[in-house]
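These are the structures in question, set out in turn.
Below are two complexes that have subunit A in common, paired first with subunit B and then with subunit C.
Presenting the complex of A and B:
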């Protein structure tokens, strides 16, 4: 049973702490995504699990066995790197069967495994092609077949789709997850792409500055982010800073720094505290006419429209001077033009409340 | 004022034809994106326009003046690179002021131009930083400021966002659109990312295998693509193969019979005559799901269910052996589950119809 257990893992490069006291349990058969901005420590974490670099402290267990002292080839993990690293002078077949041959399997077994893996990634017919004769997507699948033929039950994927065309990525997401599930593998997939993480994962760990800032299902991460950073990183959010005035029942009222009152979800934070409230741009309502409710209504003017097909993103300058974004489905978006005066409404139940971050909101939201 | 015309441009590298017989006119002040999969010839095309390569055949004109044979530095254009290409030993200020200094514009102009453009990209406060002290997004902002400082009215953007994290890309789109439009520049932007192209362009030139497939506004390419490749590449679509079995009196309605005898009514100006083999394309947001069979519906089984934030995506294998993707807004989603028997409901006026390609559907849709 390929379970992974990581306890108090730490990795420092000199003074720089890349991974800071991580404890993670990955269940058998789970598809786990590690999501975070560049420099969060994602790749380092993956390399630690694979045994390609040594931790400063802490332990890693695979199937209940501590692997801290085991070299990479004995950890039963398949590692797929960003750059694929196929051998350029070997064809698809040789690249795929390299591992089994190196391990001294008998030729018959090599033949079976090679064929099985290549058929699974739809590359058997191209088995005589060299890497440079393949498209990016095919190279990626070849690298995947090679990783899988190592007979591992754990798949470690380091930004496996990053080098591919945007449109192709959408199709390969499904294939990757399906393959991993069909083979009963446990997968850890590292990405900076929040949409990829939402669509492919059983569970997402959000990593920032070497620490886990939230672990949850895609739905939890999106709807119940642990702080303003994730609220803005997974999806996109509009924020207001202010002081929590009162909490009553399932609602709270915040006096924003712009002097306006904002009605929000209830919160356990003490009234009088500095807070930040935010709403996803998808849930930010934009209409020509004013809503018949008398709270959380604002007026402004459309500055720019970004057409996205299924959606359009609108940049709106509120009369308070604040710039906000609203994402509308295509059939609603067609009603608006740049320069239009509009009404914006924030539904209180979609307004999440967080304590004001140390160092302020701007610093919290930085994606470095 | 830059207006660009490309006439019968062909570029061959040995036996490989990178671009074939390209005709394109770009109006003054227009933002045009050249979009297509890897290897389609899009980068070759802008390299020819900027004078990095000479065409094998054909000519480029800038403002009616033939520029074939004129070197890059005499073509007066600003260039933004995918790999950003800042001088690592120079500060943001020194990098940005490069063009006015090289062009001997005088201390006063150097000072004012650099200040103005750094302010536009919000980097003036960081003018003393070296590139390595900046995030990826900030580095590209410096690259943009540097290109703007050249004072050229023609801007070439070569995959400007590809090297950046997904979330950072979303924010920079707004900046680029704002800058280019506020300065009244003519811009040509190369990308493989269809969402980026849609969000930022006045017009998109979609290329494949060295040729132009279609040129149109993002809205037209998304809502009414003229061919199957466009329908699949710009946004996503599901496809159903069949044959027209009935035409109605008015000529814009017909009935298609898909595999296994299932029929669909189509309302479209491009309806084909009885007997024609056709492929229908439909966007995921234009389909619905119901437990009960309804008018114009086909039964199927839910294979996958994917949370996508404000909506849920279902992948359904229909009784016609076609896999379709359906997106339902979370607010109205009745929570169907994997394995459920459902009916996919088609709105006849939202179906795009094409002649069935001789070379096979998969061949025509292929992204590689």
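Presenting the complex of A and C:
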């Protein structure tokens, strides 16, 4: 069974620690996504599993067998790189059958596997084409067929959709997952695109500075982020630092550093502690008229509007001086102009509370 | 897992691969770098000898009056003879019958006496006879220096009357060897500097033309520029000297006979074979520079000359460094052509008596004369040190030095960018190429077609030819076996520090003058006492051609995206399979180019061969020997045969590399 167990894995390049004491279990047949900002160590992790880089310490087990001393070709792990790396001097057929031939299968079997894989990705008709004659999507499918035909049970995907245009990316996401499930493979998919991670994964690992900061289903990651960073990284959020005043029933009250009271979800944190509370920008309500309820109501002025197509992003300067963002769907966005006075409302059930991070809020939210 | 699989897994195992790389690196260090730099150790082990034989003034010549009782023979004997001067000894006699005077100078060579000079006369009555060894006489000059004896025997019809014998030392010049070295190196460096400056001035417009302009026949011009590279320098020296210089005893149809200064001739010669390197380096980097910068500057109103000077040139430095180092090193290192040219300007003279010497020709002459080991080691040591320092300085100066390029002079530059000036520049570039490069290179054909044929020793030629080919083939094969893995390690190696150091070290044999390299190698292997001429020649040629293969392959490896290899590995391919199916198809043309460059360089090399063993029989050495002896016709035929062979290989290379460019 293709399951992967990684224990206390560490990789340092000189002084720079890329992977810091990682322990991960990937279940058989799971589609796992590693999500993280640029430089989090995602690609390094894949390269370690594939055997392309040697770890500083720690071990990797595939199907219970320690593979630390095995060269890449004996790990039976198919690696699909960002640029696909289709061999430029070989045609689609030669690329696809590279793995079986390299492993010394007999010609009939090579023929069968090559054909099966190319038909599966709808490229059999183009088997004589050279990679440069294919479109981006076809190249991606060719690379996938090549990776799948190599008899590997583990598929490592390094930002496989990055080089494609937006529309194609959406289509191929699902195809990728379906193929890997159909073939009974265990897949690890690396991406920095939170939307991609949320739609495709069985489970997401959020990686930052070489460490796992949260592991969970897409819903858990989105709704119950483990800290301000993930709250912000997976769907943007507005934050306030302050002191937890009281917890009553399913509500808590926080006195923000701006002097205002914020009503939030309940929390297990001890009252009196320094905390951070945040709300995703799409749950930040913005109206021209004053909101009916009394709590979490603020006024401010629209400074800037960013048109994003289906959404618009509003930058609002609250009267307390704080800058916040609100995200409105297109049909509502047309009602507002830069300079308009607006009312902002945070629903308490959407406001998550975290202990204040060690380095302060600003440092916590830094992407790199 | 069956046995075969086990074995192939073992071969592909990390340890085996690491071991193989370690072996390649050890080969490189032990067979290329250490022998190349070995001469530097002489500063520690042989300092006393250097002081004795290089730094101290040679002793004054002592004259003694000799009187032999028989027939009242008197003469003045000297204990030292300077072979660069005409030497004479006047013998006075009084005799009543016919008498034979036999004067002989013998040199000791491994305990054997070898005759260096001998003359016998018959005299009668009272008078004197003068024996003369002229510095400029073909047959009566001294070929060697060293210790020996001079002997005067007096005999008549009935037998020996008397023999006089005293030790004598033949030496070259009355200068301190240190002064000779200093002068030769000064000449070498001045020539290299002038040649590099001319190469750059004439090469830049040509590189520009070849990259930025399109014109009919460009393809042919492109091939013509490379032609001198295909001709062994010994042949080039012969041909160029015939074309430009006053060459006593040789005046082929069409010869210009313009100069009798060896200095000017050597400069003209060195331009011929270094100019292609400059044009190639400059156009390679020019091709890399995005033409959009130039277009942007033009649309902003800058005249072409301003654009070239302020936008393109500053982006140029890397190519400039390569070009300058290559030209400078080539000029500094060249031996065969320079020897041939000097021999033709000063025929019937011993090499040690030539009016001008460069570093490499001094090494050649000393090595040929024999008995100059400390001097040779010292000269080679100085050359190695200076070239290494110079390499660093050139790199630093060009990278750090700010050229005054910011200032814009729209008026004059606009004027110079218009009308007749650019056309003149282009015309001059072509003129330079034809007059300085192409015609002198091929002038040898004029001599062969119009000159007086004389008998040719084809056996000697073919034996030299087969030896040269044997050496070239052996070193090419060894270079491929060890050079390709080393190049891969330099580019792909996991230990960046080791690969960076190797990267720098690889360039060392490329810039160290080959004659210095030969001396160093000779010392290194000589100290091991292998004693085989062929092995010595092969190891010398291996050292200076090795970088050519490594450089070419490393360049191609850098272009190759490592993810191809990594992907292939994850797909189940073992390292050798990846090399065969992925790496080799992508770099094969560079491997081939490197192999052919190594082969032709080995075929054309004189300096290293002569420096390592004085009587090795390669074709260029054979040609230089013929030229020195004044056998011009056979020398020319040998040159032409060598030119044809080199040409075929070069055309092959161009055909292959062009195919690579298309594919």
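In the analysis below, the second predicted complex is superposed on the first by the 361 of 368 C-alpha atoms of A that agree within 3 Å, B and C clash if a C-alpha of one lies under 4 Å from a C-alpha of the other, contacts with A are read in each partner's own complex, and residues count from 1 in each chain.
Note that a contact is a pair of C-beta atoms (placed from the backbone, for glycine too) under 8 Å apart; a residue touches a chain by one contact, two chains touch by 3 or more.
A quick note: this is a predicted structure, and the numbers were derived from the prediction, not measured.
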{"item": "First, second, both or neither for A:206, with subunit B first and subunit C second", "value": "neither"}
{"item": "Which of subunit B and subunit C A:219 touches, first, second, both or neither", "value": "first"}
{"item": "Touched partner set for A:71, first subunit B, second subunit C, both or neither", "value": "second"}
{"item": "Touching partner for A:176 - first (subunit B), second (subunit C), both, neither", "value": "neither"}
{"item": "Subunit B versus subunit C, judged by how many residues of subunit A each one touches", "value": "B"}
{"item": "Interface residues of subunit A shared between complexes with subunit B and subunit C", "value": "none"}
{"item": "Complex interface listing, subunit A residues touching subunit B", "value": "37-38, 135-138, 165-168, 170-171, 174, 192-196, 198-199, 217-219, 222, 233-236, 280, 282-283, 303-304, 306-310, 313, 315, 327, 329-330, 366-368"}
{"item": "In the complex with subunit A, residue positions of subunit C that touch it", "value": "9, 12-14, 494, 561, 563-564, 566-575, 577, 581-582, 585-586"}
{"item": "Touching residues on subunit B, where the partner in the complex is subunit A", "value": "37-39, 135-137, 165-168, 170, 173-174, 177-178, 192-196, 198-200, 218-219, 222, 233-236, 283-285, 304, 306-310, 313, 315, 327, 329, 367-368"}
{"item": "Complex interface listing, subunit A residues touching subunit C", "value": "47, 50-52, 54, 69, 71-79, 81, 83, 85, 87-89, 98-99, 102-103, 146-147, 150-152, 156"}
